[in-house]
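What follows is a pair of complexes built around chain A, which joins chain B in one and chain C in the other.
Showing the complex of A and B:
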């Protein structure tokens, strides 16, 4: 039934590219889920039940990875044998770090003032920066095969994903 | 996860928080960041005529361990030469603060911040590595 050696793209029947068709990804995932849903194997042998479970888990993992742009780029680099060094590469362009610091300061201020409007505005700014970086990623990965450039963009997106999450969390907290 | 007493002490009473004038030729600024956790650290050093660090300031956005690591290194580097501070290892910081393995990257960030600040200062002053005694 399953081929555990397939990578996430192969599993979901997509070309290994950064630019993907989200509708196609969703559709392909739903199809696999329907085929391997553990409920379909309740009458099967224990081996079949276990395989369907593993297969469903693998499909979940593949979908989650490909759905998220940062994770998708990280995975594409992983397939190329390139480590994104998010754990140990601390050298980022100074202006990018300045921007991160500025965002952190503003978030702190806005949270302190319980200013949801200001937090929303920051979120917008972060999303637009993310979109810009994702466009750069597409060029680096799909057109130029510039793996190191792509790895640096992934590190930047990793920062932005984190602060976005924190700001969203703060907004939810204030809205409650 | 519980923080050690030393981490809590630096976290609650951080030493040397603030900024120095980054345009001052005797000030070196090091900015580093940890993508995995989103921490950002700025460390600034000011040297006197004999090349000794007479002041240090930091600003860190991150977890308690990252703040404690940067606070601790500002204490350690004051009164030392550039060469001496380059010898500070992240393992010294981690050991002093009793950081658990998952927080070792915070001490790495602090070590990298020192290196970045020293490199910035040397570049500013046009010092080549071998000339710093």
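Showing the complex of A and C:
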């Protein structure tokens, strides 16, 4: 019954596009939290406190989803009724599969050598590949409405996010 | 928007520290630490249990540490929400520990005491100090906790406050509190690091400050590293130098005190003399130079740099992004620490506020905002959950449901299914921590979802929902969602105190009628009702005509009238029911007000007004 059940873009007052203005996103989010955060309702009624918690929770979820490019693309596709099938569709172009294997091998080698510098360099390489894919996503989603192409790019990005997480985890372990 | 113009509410910020505790409040717009009757700001976090049920707290208790060490508990914060195995090496502690489910306890001459009860004694002392200084009852308190505290430790802190009779407005992370104290004074914008080396814990937080909003980007730390460890290094050095091994508890305390004094002396002097007469008549007479002390503490200092690196990586930031470093905790007075931090970041840290007081000062500012005393209401803290939350899956592994550093409050759901035909129950084990194995994470509780309708394996859809509130406290619910059959439960983690526990403890400590369940319930119901009526009157006065039609407004007013008529009655149940009814009657109104305020906040937002 309340506005917090709107979709994430509506909630934050943004057009449902992949390309977003990050400053605008940040500012809308903060403006909403400034109104709905539980801190504003410490002296409020229990009804107000419950609604404030629901609103603030929803605003955090919307912001988290739209802030992250992979999650934002996945969400846009979801609004189009397109499932990105990251769990069960593992078909990838051969070239990307090669890249995956190369990264895995390099990670293992660098972890084995305890070479934090090499792992850091790999993170940078992955970030730059991600940036490339995000540019492709923008074309597919905002200009061509090519949903299936976009879904495949999301699967690639999601893979890179995963291996990046593993590399970061490796670095943390080495530092301990 | 939810509070009416009113008299100034008495609200305080409390820094419940491992070594020392403080209470502060905002007076005439300025945050100030409240002093005891002898003009001292710090209250040593030491509780001494005497004969005949007497308790002393603070400096007088500290004096008893050597003489009556088994009944004089220091650093109880280290035990809050911890089991014996979490505490680690207890061989140098003079206490008689008792293992208990969820949290370790300590045997004293006043009986077995939980760290919650011990901490409550400290909070009670600060509460009465504040009420004396301010001349009235407190509306509420903001209590600070290390950012790295897990759910068990936060819950235990909140329980201690309740036991002390404090209304907790919010649990606030210590580094965030420090930033609040600095941020408002300096009107700073940008990325700030909070380096907090307290008596017993080390915390690092990365915050982004902009236009009155404090966002915690990441936190990290070491809950078993603090200023006390530097004392221990000197203590071990003394033993080494004098060739001693086993000491009586009293001698241990004495030498630890001497070690602490030497550490503090070395902050401003090149060398320190350490002299002590032990119980066997042996005389210790040593000289410790700053150089030797720096060498002794080198490894401890480098242990603080690892969490710094991790926090930077979590926030995806480089050292060059950092605008300033705030130093918190008395231990940061040590020149070798300031130097190491300056070298790491390539800039000198901020030290213009007293590192012992800065957390309490910030907590008081936040308490003042939460109590509704600030008219310009422009301070907003967006805090994060410090440790990941997850569930046990097959093979003793943890599946993460909420990653650490997610912004509070938050909710996340995960679906599970049954793996046997006709399975009607499912066990759910909730864990907190970053490691992959169940045994390496903190167990927050297990619960059983029963009453699942029998169906084929894999057909049930069980949705487990984690909700974490603005204090960082968790509740979990589970529900089976197929065929309209629902089972739904909410768990409080097992280490939390129930209302019965609290009353039991109040009875045993006061043995007075004030702890009577009905009297307490009645008093709470009346406070609740008064607060509700005040809030609703203010809301109606402000938005009633704009957002409600005459009939809607009349319904709310009539429920409010019914509640007001019951206020004098001696019936907590009736008051409670009227409160519920009034709350229910205002649901639509509250929702419309929330929608309207968000619409208004986002209205007129165009691209050219969005430059930051």
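Observations, loosely collected:
The rule is short, and it goes like this: the second predicted complex is superposed on the first by the 171 of 176 C-alpha atoms of A that agree within 3 Å, B and C clash if a C-alpha of one lies under 4 Å from a C-alpha of the other, contacts with A are read in each partner's own complex, and residues count from 1 in each chain.
As a convention for this text, a contact is a pair of C-beta atoms (placed from the backbone, for glycine too) under 8 Å apart; a residue touches a chain by one contact, two chains touch by 3 or more.
Model, not experiment: these values are computed from the prediction.
When both complexes are overlaid on chain A, the residue A:144 reaches neither chain B nor chain C. Using the contact criterion defined above for the overlaid structures, shared-chain residue A:44 touches chain C, although it does not reach chain B. Once the two complexes are laid over each other on the shared chain, residue contacts for A:132 go to neither chain B nor chain C.
Of the two partner chains placed by superposition, only chain C is touched by A:32; chain B is not.
In the overlay built on the shared chain, the residue A:109 is in contact with neither chain B nor chain C. Touched residues of chain A were counted for both chain B and chain C, and C has more of them. In the superposed pair of complexes, A:13 makes contact with chain C only, with no contact to chain B.
When the two structures are aligned on the shared chain, A:53 is found in touch with chain C, with no touch to chain B.
Residues common to the contacts of chain A with chain B and with chain C across the two structures: none. Within the complex formed with chain A, the chain C residues making contact are 1-3, 140, 169-170, 211, 213, 306, 309-310, 313, 369-372, 377-378, 380-382, 406-411, 467, 469-470, 531-532, 534-536, 579, 582-584, 586-588, 590-591, 594-595, 597-599, 601-602, 605, 607, 610-612.
Those residues of chain A whose C-beta lies close enough to touch chain C in the complex are 1-4, 13, 21, 23-24, 26-28, 30-48, 51-53, 55-57, 60-61, 63-64, 168, 171-172, 175-176.
Contact residues of chain B toward chain A in the complex are 31-38, 40, 42, 59, 61, 105, 108-109, 112-113, 116. Chain A makes touch with chain B in their complex at residues 84-92, 94, 96-98, 100-101, 104-105, 154-156, 158-159, 162-163, 166.
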